[in-house]
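Here is the structure we will look at, set down as structure tokens.
In this document, chain identifiers A, B, C and D correspond to the written order of the chains, with residue numbering beginning at 1 in each.
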Amino acid sequence: MAPSAEKKLTGLVAATFTPFTPQGEVNLAEIGPYIDYLIEKQGVHGIFVNGTTGESMSLTVAERKILAEDWCQKARGKLDQVIVHVGCMSLKDAKELAGHAAQIGADAIAVMAPFFFKPRTADALRSFLQEVASAAPNLPFYYYHIPAVTGVNVPVRDVLEGVEELIPSFRGVKFSGIDLMDFGQCVSDSPPHWSFLYGMDEQLLAALAMGADGAVGSTYNYAGCHFNKLISAFKEGHVVQARKIQFKMQELLSYAMKLGFDVGVNKQLMNELSGLSLGPPRLPVTPCPFAHALLIVKKYHHVFTDS
Amino acid sequence: MAPSAEKKLTGLVAATFTPFTPQGEVNLAEIGPYIDYLIEKQGVHGIFVNGTTGESMSLTVAERKILAEDWCQKARGKLDQVIVHVGCMSLKDAKELAGHAAQIGADAIAVMAPFFFKPRTADALRSFLQEVASAAPNLPFYYYHIPAVTGVNVPVRDVLEGVEELIPSFRGVKFSGIDLMDFGQCVSDSPPHWSFLYGMDEQLLAALAMGADGAVGSTYNYAGCHFNKLISAFKEGHVVQARKIQFKMQELLSYAMKLGFDVGVNKQLMNELSGLSLGPPRLPVTPCPFAHALLIVKKYHHVFTDS
Amino acid sequence: MAPSAEKKLTGLVAATFTPFTPQGEVNLAEIGPYIDYLIEKQGVHGIFVNGTTGESMSLTVAERKILAEDWCQKARGKLDQVIVHVGCMSLKDAKELAGHAAQIGADAIAVMAPFFFKPRTADALRSFLQEVASAAPNLPFYYYHIPAVTGVNVPVRDVLEGVEELIPSFRGVKFSGIDLMDFGQCVSDSPPHWSFLYGMDEQLLAALAMGADGAVGSTYNYAGCHFNKLISAFKEGHVVQARKIQFKMQELLSYAMKLGFDVGVNKQLMNELSGLSLGPPRLPVTPCPFAHALLIVKKYHHVFTDS
Amino acid sequence: MAPSAEKKLTGLVAATFTPFTPQGEVNLAEIGPYIDYLIEKQGVHGIFVNGTTGESMSLTVAERKILAEDWCQKARGKLDQVIVHVGCMSLKDAKELAGHAAQIGADAIAVMAPFFFKPRTADALRSFLQEVASAAPNLPFYYYHIPAVTGVNVPVRDVLEGVEELIPSFRGVKFSGIDLMDFGQCVSDSPPHWSFLYGMDEQLLAALAMGADGAVGSTYNYAGCHFNKLISAFKEGHVVQARKIQFKMQELLSYAMKLGFDVGVNKQLMNELSGLSLGPPRLPVTPCPFAHALLIVKKYHHVFTDS
């Protein structure tokens, strides 16, 4: 039986980092405090685990299971939504992870396009997604579109054609791209129980104007409190106020990008801003030079304290 | 003396097609009726001539002069703004055209990045722009950013750094790109007398949310009347209403793109919708199959009549 | 102890397909006949298993181990070289596979660049490779460069700088790119005990002229007999004769590409030409339309029979 | 009447720089000494004027005519071949230049693909080329393929299909790309009176192996003497000797590229090595820092003197 169509996903979802020990092993002990931090300091009530920010592709299947399980367990009763990303190059692994997500009580699963052999048509991509979804037919299913990383540029609107017939549990898209014509057409042509979660934090306001239901991103880990204000301002018709917050975030990210913003830098930034100990990234991501992280932290405080 | 900073450019600007005879020669006779059509049927009061839509790169320097002069003369007293694009591969030609634009009473000039030898730094690009601007120091100057065509991806925010010291007549940007972080930072950091005119018609609403002052595009030739409503709705806080119009336009353009939308198709569409005789495009653009144009016309009526 | 520097790899190496049952499960039974076919019909005495052609990224770690072990065992005493590709997105998995390759008696290992988080510098890439190599320090190590698929464009000559100090077992490169300046510089600056194996079958002759020691590719599975003649002709100074064979191969591949040449088509072509039962590909690669494979088979016979 | 098919173009052709005064105006006085230098010091007997190296896109049509005329006049009786590049964004300008080339006694014309509106099919590209060629029907016509600059990636083999029926004066291709499968198929399928001139100096040897008839490039201005030896060695079957020279050139170019090799650097390098006064480049190309040119000169002498 397909999942209920009633609980539509909205608002901010943090794409969580994977906590590592200083030696680079999975560190479950930080997950509880991490969840509390998101709720108490950021006002964020949804998480997207084992995604890009969570370095899922650098984890083994066993590690991904342990992490998913721990996140789900500790989030229970605290968070509204735990979406587990189960995408893999290997369809077998992805199905294994999807089935596991169902067992551990995840609220939903998400899958990115495989990107070694890149599907060249919407049909091929849908077939792959359908196979994964079939291993967890009762969990809401989200397609995770991130073309700049995967190189898979099949328009999402084409992927959505007839998708609910193939995947009855289909419930929406995490859209991490900047083609807002494609995004707009997805929103425009879709049933109301699907959610479109935008994934480019630096231009969320533009996607809200285009009809985004919510957002999934890494910066909501430490700037969710500001983005919640942005969303509220937008909803209340105060576009100028929302824009002001968006511009602050762009200033911060632009500064960070000049210093080489990647998951390693981002993770170190989160460590500094949250006080959590999420450890270093794993190779091939290299650790962030300490001085860089401090400069970005300083910029963060400068940007969001002045007003 | 630099131009007055008071007359800030806003609203819709049509990027005009160049009228040709059936034999492919410049056809000045259509320019008068074209201007009337824009005013009366589309409510558009600004034009951008000899740009991408105007096939400027396929024209000789002599043809560009004749056209610019005729547009300026016939627009006088009728349109608010005639911006003449004077960008060329050859700096000498661009300066020649800039000086000419000043003589014939253009309201402003615009220049795209040269794209055979692509400037690799903001410095190199600014030097080129500065040289062109120096040939028409009293005309408001706009940088025309269209990276998908030129392949010049220097962030506009970098181009803007210190630009008014080099080019006192600098007044803004025609931004035909989809990087709304770059766009947002331009808007955020710029003096109030500059104008940011967005150039991707299919996602204008997103740019308005980010603070666009106006728009320059080819579809405003025949859908300006609808976009004027979009802009009004947005200004009055009716985002849902604005989005509805934007979605219609996306539906139309998406349909056209599947049929191979290019300047040739676009020109034929304009011919059909306006009743003007703008002729075929010039090689290397090939004429649009007649049947394709008719299908798109039909779609246009379908999209904008239903509601 | 680093592996002996004496056994330099040369000649043709077939990048093997992974045999599947019609249901898509690993089919070890075909491996023995496959090896015999390569030796007897193609004159090929080296194999590269679990690479791109072998759909390694679509396999689980467990499947890759079973396959590697079976190939090594059945090749013993028959083939000169079994190179096991152990590259993975996850460093942990890659190390696991490298250690396993050492245990099962592989002759060498190869690793492609990770490509979700793409190393942006030679340093970052070398660090990743070094970690994998450390799990099998006695096996000759090859870097597998395939930029069109991975999107990792770090010049190989930069990767090679100082690499033998970090990886004492380093022995060469499988170079699947068309930048022959980069290739030439690798060959030019490298110690004589390294091997440069070219990976673009359609232009092997060009790489031989530039000093390639050998070749690894998928078409050597079924056209190795012809490429052996090409190599011999080149070595004996008969460039025109070698070119003639290369042109035939280009004619075949060009024809196949127009029909959508990918691993699925390639596998079906191998099935038809060899009489082996290697099964279909696995999703996200989709099976080849039967008629397409037959057309390419026909072309193969036409190209290589006429002369 | 189409040009004679007998005089097939082979050997080295220098893509000449355009001599400017220190103030950036065309400097005809250097053309005579330039021609003598090519003959006497480099052993180069063919030139390709107003091409990429000649900064043609930065020149006005009038300047291109004056230059073409002066090169043709001064080359008479001295050089075997003057090929005038007449490609332009504007078809009208290109036809004007083609007609002019015929009047001034050029030996051949060449045309690159227009690249603002990029032809998407071989048909559209051929139509453009045909129109230009029709203005000089008695001059041998070469298509100039340089996809990395123009962004026009139509395979040359497709452009060649039926081209001699449309353009009876068609005589070959200047192929400045690294896709040697496309190159090989052109060579393989073409009549013997066509010439394939390779344009990537850094890998000329590879193209010779594939059947190139000759080469057009900028480095033949100052390293033609070495490339003549490379070609001779290749023809006599001494591939190892030819490779040695190719590797030297790769070493030089790789070094230059790290310092930002472009037409400006290249021109300054020519000034230093030849003793000619070709002046600076024109914007948007910026002048080369003096120190960079000297470093590359030093490298040149180091590379080609040792051995």
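As a working rule, a contact is a pair of C-beta atoms (placed from the backbone, for glycine too) under 8 Å apart; a residue touches a chain by one contact, two chains touch by 3 or more.
All values derive from a computational prediction rather than experimental measurement.
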Which neighbours do chain A and chain B have in common?
none
Cα-centroid distance, chain A relative to chain C, in whole angstrom:
36
Gap in Å, rounded to a whole number, between the CA centres of chain D and chain A
50
Taking each residue of chain A in turn, which ones touch at least two of the other chains?
none
Any two chains that touch count here, so list every such pair.
A-B, A-C, B-D, C-D
Spell out the part of chain B that touches chain D in their complex, as residue ranges.
52, 55, 57-61, 63, 89-93, 113-119, 124-125, 127-128, 131, 149, 151, 262-263, 282-286
Residue set of chain B touching chain A in the complex reads 157, 178-181, 184-185, 187-188, 200, 202-203, 205-211, 237, 239, 242-243, 246-247, 250-251, 253-254
